[in-house]
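Order as written gives the chain letters A, B, C, D and E; numbering starts at 1 within each chain.
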Amino acid sequence: GNQQTNEETTKSEGSSSETTETVDVKIGMLKLTSSAPLFIALEKGFFEEQGINATETWFEAAQPIAVATAGGSVDVGATGITASIYNMVSGGQKLWIVADKGREQQGFSSSALLVPADSPVTSVEDLKGKKIGITQTGSTFHYMAGRLLENHGLTISDVDLVPLNSIPGLMDSLKSKQVDAVILNEPNISTVVSEGYGKVITQVGDEIEYQTSGVFFSPKFAENKDVAVRFMKAYAKATQYYYDAVLIKEDGEIVPGENYDEVINIIAKYTDQDPELIKKGLPYMDRDGRLLESDIQTQIDWYAKEKLIESEIDAKEIVNTEFLEEALEN
Amino acid sequence: MSESKKIIKNKVAFLDRKIPRYASVLGITVLLLLWETICRMNLVPPLFLPAPTAILSDGWDLMASGELMNHITASLTRIVGGYAIGATVGIIIGLILGFSRWADAIFTPVVYSIYPIPKIALLPLIILWLGIGEMPKVAIIALGVFFPVLINTFSGVKSVDQTLIKAAVTFGSSHFNVIRKVILPGALPTIFAGLKLAAGTALLLLVSAEMIAAQYGIGAMVLHYGNLMITTKLMFGVMILSLLGLLFNRGLHWLENKLIPWK
Amino acid sequence: MSESKKIIKNKVAFLDRKIPRYASVLGITVLLLLWETICRMNLVPPLFLPAPTAILSDGWDLMASGELMNHITASLTRIVGGYAIGATVGIIIGLILGFSRWADAIFTPVVYSIYPIPKIALLPLIILWLGIGEMPKVAIIALGVFFPVLINTFSGVKSVDQTLIKAAVTFGSSHFNVIRKVILPGALPTIFAGLKLAAGTALLLLVSAEMIAAQYGIGAMVLHYGNLMITTKLMFGVMILSLLGLLFNRGLHWLENKLIPWK
Amino acid sequence: MRIVVENVDKKFVDNNKREVTALENINFTINEEEIVVLVGPSGCGKSTLLNIVGGLLSPTNGQVYFEGTNDIEPNLGIVFQEIALFPWRTVFENVIYGLEERGVPKKEREEKGKYYIDMVGLTGFENAYPKQLSGGMKQRAGIARALCIEPHLLLMDEPFSALDAQTRTIMQEELLTIWNRTRLSTLYVTHNIQEAVYLGDRVIVLSRHPGKIKSIINIDLPKIGRDSEQYRDQFEKYADEIWGLIRHDAQEALKEA
Amino acid sequence: MRIVVENVDKKFVDNNKREVTALENINFTINEEEIVVLVGPSGCGKSTLLNIVGGLLSPTNGQVYFEGTNDIEPNLGIVFQEIALFPWRTVFENVIYGLEERGVPKKEREEKGKYYIDMVGLTGFENAYPKQLSGGMKQRAGIARALCIEPHLLLMDEPFSALDAQTRTIMQEELLTIWNRTRLSTLYVTHNIQEAVYLGDRVIVLSRHPGKIKSIINIDLPKIGRDSEQYRDQFEKYADEIWGLIRHDAQEALKEA
C-alpha cells in the first residue's frame, strides 16, 4: 500500500487515509511509566499515521487487562507478564505476547531486593528462613524473588513469602520491619532509599534477564494481520523514540537524549505524576520493541516447576513476533 | 392455739436490686483513666497501646489535614452504593421467592446452598471478573448484604400471619391487594431485621474489600497505618469504623420507627 | 322466597396450593445442567465460569495430591481453636455480666461500644501485637466469636422467664440453685443461637485472616488460585468453604438437639 | 336469605399421612335473623365448620350456600378468635377495610366507619393502633370491622375466649344489644355453654372423632333478658342438658396432648 | 395455722415516675382449711396481693404472717397463671422440684411424686416434657408441683384462666376433689364470679384505683355440690351480688388500654 516511509513526518496530513481505511483499536493499559511507548505513540500521533484510531481504556490492575485482551473487550493490552496469563492461555483463553514493554536489564535500575536500612542482611544468602514481602502469588515479584534466591543457592521453600497485596503495603511493611526484605520497583526504590528506611541488596537486572511486561494482542485483532502490523509499526517507532530519549548510555551513565524532556512530560501527563519521580523510574526496553523471546520459556518452566501454572505450555503458543518483525522489515 | 408467728418475707427481693445510675458512667470512665495512666506511666510501649489522648490528638490531625474526610467519603460511597444495591435486589428477589411457590421451590435450595459461603472467599473471583476498581468493592458489599436481606424478606413474607391474609380475603381483597396491604406491611419488621443484620456485614466486607488495593477508605487507612505500625492512627481508624457502625444502626433504627409506627 | 342460590366457595384455596416435590430437586438439577451446557458450548470462557464437572475433576486432583488435606487441616485447626477459645470466654463473661448487676452496669457499656467494630479492622492491630504467625489468626477468630456469644449469653440470662425464677425460689431454691437449675438451662437456647451466629462469623474471619500471609488454609488457597487465575480450583475452594459452613452448622444443630431435648 | 349447610364432610391428612375425618355429614340451616351457636369439646371441628361456611376451607363433600339471594351477591363478615386486626392500621382504617376493598367512596366510608365505631363504643379511639388497645377493645374493633360491610351472615369463632371473665360478660351483653340493632344472621362458635344458651336461637352440639351433630337444641327463651331471675331455671336446664351431651367428650379431649 | 394479712399497702412507681397506689389498707385472715377467693376487675391488685402473701413482693406498709406455727417452718405452694413449669424438666422432675430443693431423700421423692401425679390424673405422663402436654394437663402438673411439698398455704393466681370453658369446668371440679383430700388453706384469685362462688368459703371483692376491700362475702353453702339444683338460687344470688359490686369497675377497666 501507499504507506508512509518518511519517519520524520510528525502529524498525519490525511494523506495516509486515502487508500487505507481508518480502524478503531482499543488499548487497555495502566497509568504506569512502563506504558511509555504507548503514551508516546498516542501523543505524537504515530497511530494516526498508520490509519489507526486508538482509544485508551484505563485499568487499575494488571490481571483484568490480560482478561480483557483475551476476551476481546480490548484489542491490545499492555501489562506485566504473570503466572495468571500463562494459566489463562493454558485454560484455553488465547492471547499473543507481541512486543516488549519493559524488562530487567543489567545496568538499568528497575526492580531490586531491599531490606530495612539497619538490617544485618547483606546478601541474598542471609535471607534463609526470613520473611520476604511480595505483592501476590504468581506475580512478577514472586518470580523475581524466586529466581534471585535460586541464583544464590536457595529456593522459595527456604524463606517465607508474604503476600502483601500492594506496593504501598510492601513499602509500609519494610518501614515497620514486619518483613525482613521486599522486592520493589522504581521509582519506589528511590523513594525508600532517599527516605532512608531501606537499602538495596541487589538489583534484579544484575542477576537475571527478565521480560517483565509486554504488549498483547487479542486473537481477533491478530487475525487482521494488516492492521496488526501497522500497529506494530507505530509501536516500534515509539519505542525507538523512547529509547533514544531516555535510555542512551555514555560511559555507563544514562545521558538525556534529544527529546528527553518531551518524553518525560508525556509520561507525566499520562500517569498524573511528578516528572522528577518519572525520571527515577524509567524501565529498560528494547529499542525496537523486540521481546526477550527465550525468557518466556524460562518463565514458563520456572512457574511450572513451582506448580504455579496448571499445565506447562510451549512459549510458541503465546509468543508471536511475526507482526513486529514484519513491521520492522520495511 | 399457740401465738408463735412467722412473717412472710419477700424471697425474690434480689431480683429488684438496683444499681446506682452512675455505675455505668463510672465503668467506662475508670477504664479510660486506667488506660491513660498505664500509658502515661510507660508500663506498655506506646507502640502497642497508645494513650486515648494520643489517639484523639492524632485523630484530630487526620481530621484537620482533610485526609480523614477523603477516607470517609471513599468508604461511604462504597458502603452506601453496595448496601443500596444489595438491599434492593435482596428485597425484590426475597419477595418473588416469598410470593411464588414455584420460584420458592426452585430457587430456595440454590440460595441456601450459596448462603453459607463466607462472602470474602468470593473476593478473588470478583476481582477476576470485575478487576480491582470500585466495582468489585461495591459488588462484594452488595453480595454480602443481598443474602441476609433476601432470606429475611423471604421468611418475613412466609411468616405473615395466615389469619390476617384470611381476614383480608374475607373482606374482599384481591390477590394483589393481599400482597400490597397485608403481606408487605406484615413482612416489613422482618425485612428490617435483615437490613440491620446486613449493616454489620456491609461494614465488615467494606473493610476487607478495602484491604485489597484501595488508596482511600477507612479500611485502607487502617491497613496502611497497621503496616506502618502507627498505632494511634490505626486505632483512630478503628474508632471511626465503630462509630460508622453505630451511626448506620441508629439510622436504620430511626427509619424503622418512621416506617413501622405501629410496632 | 326466590330459589336463587349462591354457593360459598373457598376464597383462600391459593394458600394451600402445593408444588410437586420434584420442583426443588428439579431447580438445582436444571441449574447445574444449564451451567454445564453453557460451559460446554463455550458461551462463556471457562476461565470466568468453569464447568461444574471441571471444578469437580480439579477438586479431585487437589484431594488426590493431598494438597487439599493440608489446607483443610490448617484451616480447621485455626477455626476450631479460635472458636473454642472465643465461645468459652464469651459464655463465661456473658454469664458473669448476666448474673452480677454491678459487672453488668460497669462492663456492658464497654462491650457495646466495642461490639460494632468490624473485627477485620482489628486484624492489623492484632498482627502488630501478635505477629503474622498462627496466633493472630486464631485470635481474630476468637475475637469474632467472642462478641456474639457473649451478647447472646448475656441476653439469654437476662431473658429467662422471671416467673420461673420466682417459682424456683418459692419451691425453696437457693440462689446458687436458681442459677444452676433455672437460669443456665433457661439461657441455653439463646446461647446456642449465639453459637450458631458465631459460626458464620468464624468462617468469614478465617478466610480474611488467611488472606493475610498464610501459606496453607482454604482461605489462602482461594486467594492463591485467584491470583493465579486458576478458576476451577478457586471455585473448588469456595465450595469447600460453603461445605465447611454447612457442616459446622449441622454439627451445632446436632449438639443443640442433644443438649436441649425439651425444645 | 337463608344459609344452608348440606351434607358437609371434611377430611384432613395429618402429619403422619393418615386421613383424619374432622366433620361428617353436617346438615343445618341458618335462617334470617337467627343466631346459631356451635358448641362442642376441643377438636370436634367447630372452627373447621365455621371456616367452611366462611369460604376459608373447602369441604371434602357437600356444600354450603345462600338460598333466596334474589341475585344479590351475599356478603360475609367474620370475627376471628385471634382478632386479626391489621396491626399497621388504626382502628378506623381497620373498620373500613372491607368498604375500601369494595370501592365504597370515601365519604360513605367515613360515615359508616364512624357509625359502627360508635356502635361498639370505641369513639375516641379511631386513630389508635391495635397495640394500644386492651383485649376487649380490640375485639370490639374486630366486630365493628365485620359489621361495617353490613354482611348477610356474621361468623364469629370464639370471639371472647381470650378475654377475662368479667370483660366477657360485658361483651356478651353488648353483642346482643348490637344484634338487636342489626339483626344479622349469625353463626357463633363457643366452648362456653352459658354463652351458647345466652346468645343462641338454636345451639348445635357437636361430638368428637369425627365431628358429627349430636343434637340441635332450640332455645325457647326471649332473645333479650335471658339472664334475668325469671328464666333462670330454664336457662340452667338448657345449660345442664348441653353439658350432659358434651361432658364425656370434653374429659376425653383433656387427655390429648 | 392462720394466715393474717395486716394493714397491707402497696405503692408502685410507674414508668412516668409517678407513684401508683395498687393496694390500700388490706386486712383479712385465712383460717385453717379455708378457701379464700379474691375477685375484682382487671388491674385492681389481685395479683399484687397474692404475690405479697406469697413472698414474691414486699408490701410498702403492713405485713403478712402465719399465726400459730408452733415453730414449724411454714411452707407455701404456688400455682401460677402462666403455669411456670420448668420446660427442661419432665412432669415428674417438675413435680418433685420442691422436694429436691428441700433435700428429701430420693425414695420419698419418688413416692410422693407418684402420689400427687396420680392425684391430678397425670399417671402415664411422668416422663413427658411440658411442651408435649395440653393446657389442662400442664396446669395439673403445676398443681401437683405445689401440692407435692405439702404446703401450709396454697396460692393460686387465676390458674384456669387460659383454659377453655369446658376444660375449666372440669378442672374446677377436680380441684375441689383434691381439696377434699388435702384440705389445704387456700388463697385463690379469679376473674370469674361463678368460679369464686363455686370454690370459696369467703369471697373478697376488691375495688380499683386503689385496690381496697369492697366487701367480704361468706358463702354459706356446703363445699361440695354447690352447683346442684337445690342450691341454684342461692348460688346465683351470691353471683349476682358480687357482679353488682364489680360491674361498674369492670366496665371502667375495659376502657383502659
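Please note the rule applied: contacts are C-beta pairs under 8 Å (C-beta built on N, C-alpha and C of every residue); 3 or more make two chains touch, one makes a residue touch a chain.
Keep in mind that this is a model prediction, so the values were computed, not measured.
Chains making contact with subunit B as well as with subunit E: C, D. Relative to subunit E, the most remote chain by averaged C-alpha coordinates is A. Highest C-beta contact pair count among chain pairs: B-C.
Computed from the mean C-alpha positions, the centre of subunit B lies at a distance of 46 Å from the centre of subunit D. For this pair, subunit D with subunit E, the centres built from the Cα atoms lie 32 Å apart. Between subunit A and subunit E, the centres computed from C-alpha atoms are 89 Å apart. Annotation: 43 Å between the Cα-based centres of subunit A and subunit B.
Shared contact sites, meaning residues of subunit A that touch two or more other chains, fall at 63, 67, 164, 178. Shared interface positions of subunit E, i.e. residues touching 2 or more other chains, are given as 54-56, 76. Looking at subunit C, residues 11-12, 47-48, 127, 166, 169-170, 223, 227, 229, 231 sit in touch with two or more other chains. According to the touch criterion at the top of this document, the contacting chain pairs are A-B, A-C, B-C, B-D, B-E, C-D, C-E, D-E. Of all residues in subunit E, only 54-56, 76-78, 80, 82, 84, 86-89, 97-98, 101-102, 129-131, 145, 149 touch subunit C in the complex they form.
Residues of subunit E that touch subunit D in their complex: 41-42, 128, 132-134, 136-137, 161, 164-167, 169-170, 190-195, 232-233, 236, 243, 246-247, 250-251, 253-257.
Within the complex formed with subunit B, the subunit C residues making contact are 11-12, 14-15, 17, 19, 23-24, 26-28, 30-31, 47-48, 101-102, 104-110, 113-114, 116-125, 127-129, 162, 165-166, 169-170, 175, 200, 203-204, 206-208, 211-212, 218-219, 222-223, 225-227, 229, 231, 234-235, 237-238, 241-242, 245-246, 249. Residues 59-61, 63-64, 67, 164-166, 168-169, 172-173, 175-176, 178 of subunit A are the ones that touch subunit B when the two sit in their complex.
Considering their complex, residues 52-58, 63-71, 73-74, 76 of subunit E touch subunit B.
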